[in-house]
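Next come two complexes, and both contain chain A; in the first it sits with chain B, in the second with chain C.
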Partner chain A sequence: MNDRVKHLFIWPAFLLVLVITLFPLIYALTVSFQTIRIVPPTPPRFVGFDNYGDILANARFWGAIGTTATIVVISVVLQYVIGLSVALALHHNVPGASLFRVTFLLPMFLAPVCVALIAKMIFHPVLGPANEFFTLFGLENLPFLTDPNFAIAVLITIETWQWTPFVVLLMLAGLQGLPAEVFEAARVDNISAWRRFRDITFPMLLPLSAAVIFIRLIEGFKIIDTVFVLTGGGPGTSTETLTLFAYNEGFKKFNIGMTSALSFLFLIVVIVFGTLYLAGARKLTQRYEQ
Partner chain B sequence: MEHIEFRKISKSYGAVEVVPPLDLSIEQGEFIVLVGPSGCGKTTTLRMLAGLEETTSGDIFIDGENITDKRPGDRNCAMVFQNYALYPHMSVRDNIGYAMKVHGAAKADIDARVEEAAGLLGLSEYLDRKPRNLSGGQRQRVAIGRALVRQPQVFLFDEPLSNLDAKLRVEMRSEIKLLQRRLGTTAVYVTHDQVEAMTMADRVVVMRSGVIEQVDAPITLYERPANKFVASFIGSPSMNFFDARIENDQLLLGHQRLQLAAQEAERIGDFGRVIFGIRPEHCRDSEAAAQLTFGVEVIEPLGSNTLLLGTVGDQKIMAQVDPRFAAQADAPSTIPIDMSAAHFFDPITEVRL
Partner chain C sequence: MRREGYRRVGFLLSLFWLVLCIFPLWWVLVTAFKPPLAVSGGATYVPFWDFQPTLQAFRDAFSGIRGDFYGPIISSVLISIVSTALAVLLGSMAAYALIRFRFSIRLLAGLLFALLSIGGFVVLTELWNVSVPYALLVALFVALPAAVWANGRNLPGPIMGNDDVTFWFVSQRMFPPIVSAFALFLLYAETGKAGLRLLDTFGGMVLAYTAFGLPFAVWLMRDFFESVPVEVEEAAMVDDIGRMRIFAQIVLPMSLPGLIATSMVVLAFIWNEFLFALLLTSSKWQTLPILLAGQNSSRGDEWWAVSVATLISIIPMILVATFLGRMMRSGMLSGSIK
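And then the complex of A and B:
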């Protein structure tokens, strides 16, 4: 055996990982301990944890966490509930299922910027069809994008609209992978459709559900494009999400040190939420473990 | 008393008719086995009885009640599936008691019946395990237990032993049979294994392409198969068939003449062309034996007996003879044929003569 050959396989992969992920990460980490401004250019200066301290003391940061968490948690719950319902309907071949299967997936293929632009027209306070609709109920000219609560509700709606198809797609695949005989056995045993869902379908899909929600949570936290186009974080900073906050610091104020620190805090926030979620999900799946 | 009745039920998928109109009645407490090669419609027939498959036409009655349009759950049948179909996330106890629990039985009742069924099936020590941690035989027992506790009016078995190894299959088949006899519940059992069919059934339904070829007690199927298909399907090793002629009370097989048994001679002594069938185990001496010479090609000693494989003219033959029978490969050998156990079929319709 020529053991030296293994180096040929290991090193290129290792170097690649080093160059494209580890190096930028470590570089960003060092930058986060410095003040670096591109405009106006100032020489880097080591400031220790000052950047982190400044951010943590900044109400805007905590506001951004609150906004992001609100949007993500509510929209992911909606995505899952609606997504699973639609998947169940498609799985049971409601009339026109094949048409729906295609159309339901379309929003997912659109670029978020396009989605935001479409939404901007729909939710125009005077000319949009949403206004038209609410006018039927006597609610004219609602401040869809200019009132903080309305704006967040609109963002949640758009997130849900765009990403429910993802949940549908995966849950449908999961449903179709379940053994048909188990459900036939339940039908012969006179188990009602609701109990079949509650006691068999849902528990059997739990591991997949946990994974799907996890993916959506992590992805959801990165929300920026729709917010950027639709409200720009406004009114004020009431709809500013974490990534938009970081973007504003980095590319409007060109405060690179601060932005790097913010990115790492963002990472920590995602890890905290992710860990909390996984702990909860684990407890639930363990109860139904196969 | 008649318990289950199929009246002209049929099943089509689009233009393809899988089961042409079929009639069958099953007695109370009877163990009926549907057997046939794969694709013969036996499983479809069972699933129509369970309600998992809609009938295209015809009616099914259980206890005189037309259940054709009833939901599977309203038919009071319990089914055991080939792949066990256990609820993977429930313990053995929950699997067996689940239906009772959903239907609102008292906890004490459920426990009592689950314990009873588990005891009966030798599952008592596994009650808290998940199906994943059980062997195939144990899983199938759980599936049977699940059917048992419901105390249904009909048991349905869809090839329940196909996924088990040979030894376990032999064990389970007598267990199922015993259990059914003890409970006295009508059972409909589907299998492609003729040995299973023969050993378990009170009556066997032999099917081919959705058509019932014969319904009879196992021994009748063996002794008086209704046609060539049943004759070839039942029995192991399977029956030898030869194109032959009957003239002057004699069977002409190639150049050889075999004297018919007296009874047969009287009945079909001058029939002309026939299909002659003889089971390998009937190549034995008897009062009505005739001698047949054929070229032996392979000798397979099995211990309790020996199989001779060879040809008569250009037709294959397999004979089962005594272990010490003097025969040599690649040499002609003469064996006795018990003509009283011979079968004759019409060469065109293949129906028994």
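And then the complex of A and C:
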């Protein structure tokens, strides 16, 4: 039958993903149970769960999880709040909305490396415009990138700046898809704008919101480029994220068994956080539906 | 009255966010034209008023006295265009198949595949000392036909459909990329030992990025194909035109806006990608983001040089974003974002 042709369509993509994405994982999984060093070269030795145990006992691993979670959670909350507000404003056609629509997308399309380089200039403690701005309030030469708390705040700012457009884009699409009749009825009944938002718009957008936040959380956990350029994980290891930690282990210490184990633990962390989030989101959605 | 109040707040918020969006871009644009004095003397903002603009930084960058600029630009352009084209082509084909045909995959066949490939690989490498790439290849060639055969049998257990296949493609994006990037690095290093050089080559990068872009392409193109009416294809089928020709000559042209939008999104992701390039290239095929990250450590406070490099990477993406924004406003992408 003609149906056979379907294989011709799907197999190239399927094989490519299999060979390039999944098969290396099998290899990495076996490597994660061995000790292999490239420098100095040592023959592979099977060590069972030792690599995993070592990492779980390593304070740097838990520090990296803490740092990553702090950056991701706070920045995603900010992205959502700002993104939804801006989307609402644009949806209600504030003056200049069409100009805003084009410009709002920009940050999302820039390479995170570029954004980090620009941020590094702006947040320069002496020569940068951020310093000039804070000097107005008498706060001169703040240690933006050299103090752990400031550095994390700067990273959160950058993440929020770059990815709020994503939330705006999707929430705007969601707002435009809502049925107009409900809002007409609410307006006829003279329900205040705030209550319209709280009782109609927000609950109706809840499933989309949950999905958008989920995507941002998953993507946010991958953060490396910005940190790599901006602080290199420093001062010390105070801004080291999970991906950066894995990279440092693998390419500075050349301990590939350890890095493989680490990346699988990372996968588990993402799955745990993802499942917790999805369970929480489902509960919230159900509560609103009742 | 209250309504006007909300509008005003919304407008002010949008304006505030607009300024916040534009300022860093303005900053990098003017900094590229700054002479050293305009940087070391504190923040300056407006050319001709704050400082006298100069083209020196651009001349320096392109005359090559500050290291190779053309190399990374050329590799970035070549790699991202070729991988985007491949990812969108293969992704569209897969997306089309997922829309127009029914797939059913037995869970047991999938498990058999996982078991055979992982087990086979471990046995081959650990017990028989086969080198890694060959072991993977053999495991693939044994496990795949076995799984396809098993799928045809009448096995018990749940059957997965098209949505599960789509999810399988998209879920590749949920992995932390360091997992697959590092694994791919290990594999490339092994194939290098076996005689096939993939690290720091054009082919290796294109393979990696095509696989990287595929999930987006499948996900986005599926929505676009859904809006192509089946009737046209059915008419063509009555005339006995092959599926491949229908796809290439009818379906693809009909979803051209979607094809363009998808290509641009995939292109942006590949153009900006950092981690794979960091692990898989070393000198010959370094891409722009790697060059940029290097600017940072080697340049210190030479902001004009950093800004020129940054602009080179940013400008194509600003064009892409503007174009996409226009497409969106004209409603060409309506319904695609769900």
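Note that in this section the second predicted complex is superposed on the first by the 268 of 290 C-alpha atoms of A that agree within 3 Å, B and C clash if a C-alpha of one lies under 4 Å from a C-alpha of the other, contacts with A are read in each partner's own complex, and residues count from 1 in each chain.
To be clear about the criterion, a residue touches a chain if its C-beta (ideal position, glycine included) is under 8 Å from a C-beta of that chain, and two chains touch if they have at least 3 such contacts.
Predicted, not measured: the structure shown is a model, and the values here were computed from it.
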{"item": "Room on chain A for both chain B and chain C (clash or fit)", "value": "fit"}
{"item": "First, second, both or neither for A:L175, with chain B first and chain C second", "value": "neither"}
{"item": "Chain B versus chain C as contact partner of A:T21, first or second or both or neither", "value": "second"}
{"item": "Contacts of A:V188 with chain B and chain C, given as first, second, both or neither", "value": "first"}
{"item": "Residue contacts on chain A - larger count, chain B or chain C", "value": "C"}
{"item": "Touched partner set for A:I55, first chain B, second chain C, both or neither", "value": "neither"}
{"item": "First, second, both or neither for A:L117, with chain B first and chain C second", "value": "second"}
{"item": "Which superposed partner A:R101 touches (first chain B, second chain C, both, neither)", "value": "second"}
{"item": "Contacts of A:S85 with chain B and chain C, given as first, second, both or neither", "value": "second"}
{"item": "Cα-centre angle that chain B and chain C span when viewed from chain A, reported as a multiple of 10 degrees", "value": "80"}
{"item": "Which superposed partner A:D225 touches (first chain B, second chain C, both, neither)", "value": "second"}
{"item": "Least C-alpha distance (whole Å) that remains between chain C and chain B when both complexes are overlaid", "value": "10"}
{"item": "Footprint overlap on chain A, comparing chain B with chain C", "value": "192"}
{"item": "List of chain A residues in touch with chain B within their complex", "value": "179, 181-182, 184-192, 195, 199-200, 203-204, 288-290"}
{"item": "Of chain B, residues touching chain A in the complex", "value": "50-52, 71-75, 77-79, 81-89, 98-99, 102-103, 130-132, 143, 146, 150, 156"}
{"item": "Chain A residues within the chain C interface of the complex", "value": "2-3, 5-6, 8-10, 12-14, 16-21, 23-31, 46, 82, 85-86, 88-90, 92, 94-122, 124, 126-129, 131-132, 161, 164, 169-170, 173, 192-193, 218, 221-222, 224-225, 228-229, 242-243, 246-247, 250-251, 256, 259-260, 263-264, 266-267, 270, 274"}
{"item": "Complex contact set, residues of chain C against chain A", "value": "2-3, 6-7, 10-11, 13-15, 17-18, 20-25, 27-28, 31, 39-40, 42-43, 45, 90-91, 93-94, 96-98, 100-101, 103, 117-118, 121-122, 125-126, 132, 136, 139-140, 165, 169, 172-180, 182-184, 186-187, 190, 207-208, 210-211, 214-215, 218, 237, 242-244, 247, 268, 271-272, 274-275, 278-279, 288-289, 292-293, 295-296, 301, 303, 306-307, 309-310, 313-314, 317-318, 320-322, 324-326, 328-329, 337-338"}
